[in-house]
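I'd like to ask some things about the structure below.
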Amino acid sequence: MITRYESNDRLSKVLVANGFAFLSGLTAKDRDGDVAAQTADILAQIDTYLAMAGTDKSKIVVGNIWLKDAATFNEMNAAWEAWVDPQATPARATVESRLAHDSILVEIQVQALV
Amino acid sequence: MITRYESNDRLSKVLVANGFAFLSGLTAKDRDGDVAAQTADILAQIDTYLAMAGTDKSKIVVGNIWLKDAATFNEMNAAWEAWVDPQATPARATVESRLAHDSILVEIQVQALV
Amino acid sequence: MITRYESNDRLSKVLVANGFAFLSGLTAKDRDGDVAAQTADILAQIDTYLAMAGTDKSKIVVGNIWLKDAATFNEMNAAWEAWVDPQATPARATVESRLAHDSILVEIQVQALV
């Protein structure tokens, strides 16, 4: 009924239920990069997690993006637009939030159809 | 399987999948207004987008509201309560976030049953 | 088609539709506590609301957590990990946001399978 991937005692990185894959909010593995590099790092992780769930980026239904600094909106978007399927873009919201560590410039969470 | 409305290379304003309509985070078209005016502006857009998806505000399941200034909670709520179907109110969460531009005082994202 | 619990003119605390329970963002009833106490207070409310919807914490699919101060991440997590079913953890995202009142240190919103 529910399938989970990369689970620990706190959270699951991916959870599939009722026709949807729910991903946890993801941050860059390499936090030395700028916001474009961190965004690309996260989007590559999203590809991996969506594949675990048997789906892909063309089936994302909604994404939420948190930027440490809203002024980096265009840099994040350049990386996003280089990645997203231009024929199959999801609903999305982007706001500013300070994140778990100062080195984290962007966090992205998505939900996809499976 | 997925139907999208008002899509561009970055996002879709509305996406319908698996019985739900997912809207992007929306901000006011007229950013000269105060938070109540901006909220009403957004809610009118939500009516339009929900109609595109074949649904309406009485079927919203959850909404997320971001305020530039949490102190404007009551002004936002006055506009919200003047609009929402009082017999069919959704789950909702409201937090403070700086938004994409300083002139944006509120952003709202909803998901509805179709 | 949609079932709502604890509804008022603004929002419903719980809404069930299409196989999912959507909860509103919840804050502690007792705002004198620290972030761990406020988290535990919210998680007890979540148990109650999930039970209203005929489900429980092992079926949460995704959670969003907003901290007034991202530096309290570990304290929130200690309370979270003491509560969550370690065999059935949800997808989750945690960011910092100022909340509706200065006394509110954490807000949590979840969606569960019913």
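Each chain carries a letter (A, B and C) given by its place in the written order, and its residues are counted from 1.
Here, a contact is a pair of C-beta atoms (placed from the backbone, for glycine too) under 8 Å apart; a residue touches a chain by one contact, two chains touch by 3 or more.
It should be emphasised that the depicted structure is a prediction, and the values quoted were computed from it without experimental measurement.
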| said: Only C-alpha atoms count here: how many degrees separate subunit B from subunit C in terms of the superposing rotation, rounded to the nearest 5? | reply: 120
| task | Count the residue numbers both subunit A and subunit B use at their shared interface, divide by all numbers used there, and answer same if that is over half, different if under half. | result | different
| remark: Cα centre of subunit A to Cα centre of subunit B, whole Å, reads 21
| query | Where in subunit A do residues touch two or more other chains at once? | reply | 18, 20, 66, 97, 111
| message | Show me the residue ranges of subunit A that touch subunit C in the complex, using the header's touch definition. | response | 1-2, 4, 7-15, 17-18, 20, 22-25, 64, 66, 97-101, 107, 109, 111
| request: Under the touch definition given earlier, write down the residues of subunit A that touch subunit B in their complex. | output: 18-20, 59, 61-62, 66, 70, 73, 77, 80-81, 84, 86, 88-97, 111, 113
